[in-house]
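Order of writing sets the labels: A, B, C and D. Residues in every chain begin at 1.
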Amino acid sequence: MSPADIERQESWLSQEDLATVRGRMPILYVEAVPVRVAADGSVTAVGLLLRASDKGRIQRELVSGRVLFHERIRDALLRHIEKDLGAVALPQIPPIPVPFTVAEYFPTPGVTAFHDSRQHAVALAFIVPVAGDCAPQQDALDLAWLTPQQAADPAIIADMDGGHGVLLRHALAHLGHTI
Amino acid sequence: MSPADIERQESWLSQEDLATVRGRMPILYVEAVPVRVAADGSVTAVGLLLRASDKGRIQRELVSGRVLFHERIRDALLRHIEKDLGAVALPQIPPIPVPFTVAEYFPTPGVTAFHDSRQHAVALAFIVPVAGDCAPQQDALDLAWLTPQQAADPAIIADMDGGHGVLLRHALAHLGHTI
Amino acid sequence: MSPADIERQESWLSQEDLATVRGRMPILYVEAVPVRVAADGSVTAVGLLLRASDKGRIQRELVSGRVLFHERIRDALLRHIEKDLGAVALPQIPPIPVPFTVAEYFPTPGVTAFHDSRQHAVALAFIVPVAGDCAPQQDALDLAWLTPQQAADPAIIADMDGGHGVLLRHALAHLGHTI
Amino acid sequence: MSPADIERQESWLSQEDLATVRGRMPILYVEAVPVRVAADGSVTAVGLLLRASDKGRIQRELVSGRVLFHERIRDALLRHIEKDLGAVALPQIPPIPVPFTVAEYFPTPGVTAFHDSRQHAVALAFIVPVAGDCAPQQDALDLAWLTPQQAADPAIIADMDGGHGVLLRHALAHLGHTI
């Protein structure tokens, strides 16, 4: 199935249908923490997208998006990274497609550390080194690269909604950084 | 949300609606490889369900089922294990809810090692020790406990459809067994 | 090789020899974060040992110890948990013997988040549910059970030396808790 | 500590001392399965070294070597890959330094699937994509690139001693391939 086919397939699911499904089933997502790495694989910088939220507030976000019908996890990951960081980001999709964590976003706050008022989303989260040029795409205002120490700053976390801050800290913990 | 609420919620998704969604979105599943373990955590036996397939053939299966709206992964895992192995199976749900592998079942054979003609299902797979009494439930004919060596037998794998045999071998590999 | 044999073997390595080796090779350790879990596998409490440090200060510690010659990781894990928490702690050693993190303790501070002035130790760290009665053994003054929220308190971390606090936070992150 | 310093440090451990230690302590190793990957991260080829064994037999091997005193896991991994595949192999060392499996080599056959008559070695095993030019170094006769399907062939496994064949199959299982 070519990407064009997938888009077509996807279009069969109207916004109305998607709204209906969202209230009835968990929706599968992938999320990526884009990182710059040194030759020894250690992380030198973490990439965060800046977006204007619905409420006009500036927010930091990770790469995130739905897995489509008939799309593999690794293809969804590649597609969303290129959609958010550009076509020449050169992401190094992990050969083992097992997430470092599974973030369960519930419409009800407090069930887990993650919250999404629109839906019950289950996100497979990956740390993805990017070797190429990255540029914010679409509605993103900027892409900021922070050192792991800067990214661990509670002030950064406070700028991230719905649990993205928690996910970022979990990623830093998996990478072995002090948090 | 109580289990009863979840069932009610779920009932809002009619068989017809589910059929429609199945052709348009990946459906989230959990799968469990039930195991008996020694005091040192090493696996002494792997549990396989025997079911009569639609075509009247006897098949071996792992524990498998959908994640419902507003249900956590760990609750879905517990529910499906109790549904298939009984209420006193005493499963030890892993404290870290990260699957050992993610099995991507495609309606088209050959995209991955996993195939499901009904749908695109993404299954988070876990190895789950069970400490209590297990008895086959519902439509299962029997529950067989095999040693890891027996479970690695290609003849066993041949009795498992849609990639469950591959998943079982992957589980044995993760457990450190020769396959 | 029986446990008695291992002890004998180990005794061939005198304190003097161990001191010599410690300056020349990385020493393999296992570390365990003992936890109490609910039926759904979620962690309700984390166990921390209280010990008097060499400097007379009270410190919180995780279960930790060397892997001996001809001893499997899972046997070392079981041995050290029983040594620290007692013979009836009933630990559930994970069936997959892959650590959630590898803590690299260097004699030089700052190389990693972990530090051990005596040696270069590489510790395979596991989260281990314990189902039985636990009692502090040997030189431990007490065993305290904290909720994950309490364990995430920076004041707790400050009571832990050499990076055990960082390891505890990493464990909480892997478990999906807000840190 | 510079690489030169590490080598010097290492030289403090004479062959005689190493032989003594080998009979008394587990020795820490890293092992790497070198792979070529596509843009989506899927593995297209697995690299195996060909070496003449002590008994004059040609053997296939993975990248393998000791972790030195005061050397991080990721530095040991990088060093051994460059030693075996050359200085321009451009390995992508995983940002999360957690092995996909831990292979425990015992001097006594049968304790685990892994055996090393010289010592008790505990190897942290990683799957490492290499993007550059690879050439067999030192005593390796050749470096062969096999497709995952070819690598899963039992005949290949039979050419690998001490459990490297088992480790290769475990790697293929983690990568999601049929084995």
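One rule holds in what follows: contacts are C-beta pairs under 8 Å (C-beta built on N, C-alpha and C of every residue); 3 or more make two chains touch, one makes a residue touch a chain.
For each chain, UniProt lists the protein as follows: A, B, C, D = ADP-ribose pyrophosphatase.
The structure presented is a predicted model; accordingly, all values stated were derived computationally and were not measured.
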Open item on the list: What's the minimum number of touch steps needed to get from chain A to chain C?
Closed with: 1
Task: Third chains touching both chain C and chain B - done: A, D
Task: Turn needed to bring chain A onto chain B - CA fit, degrees, nearest 5 - done: 180
TODO: Could you tell me which pair, C-D or B-D, is linked by more C-beta pairs in contact?
DONE: C-D
TODO: Have a look at A-B, B-D or B-C and name the one that copies the A-C interface, over half of its contact pairs being the same.
DONE: B-D
Open item on the list: With centres defined as the mean C-alpha position, give me the chain C-chain D separation in Å.
Closed with: 28
Open item on the list: Taking the mean of the CA coordinates per chain, how far is chain B from chain D in Å?
Closed with: 33
Open item on the list: Counting only residues that touch at least two other chains, what does the list for chain C look like?
Closed with: 72, 97-98, 100-101, 112, 174, 176
Task: Chain contact graph, described as a line, ring, star, complete graph or other shape - done: complete
TODO: In the complex, go through chain B and note every residue touching chain D.
DONE: 101, 112-113, 166, 169-170, 173-174, 176-179
Task: chain B to chain A touching residues, read off their complex - done: 1, 9-10, 12-13, 17, 21, 23-28, 67-73, 97-102, 104, 106-108, 111-112, 120, 122, 124
TODO: Would you tell me which residues of chain A are touching chain D in their complex?
DONE: 35, 37, 39-43, 72, 74-75, 77-78, 92-98, 100, 127, 129, 174-176
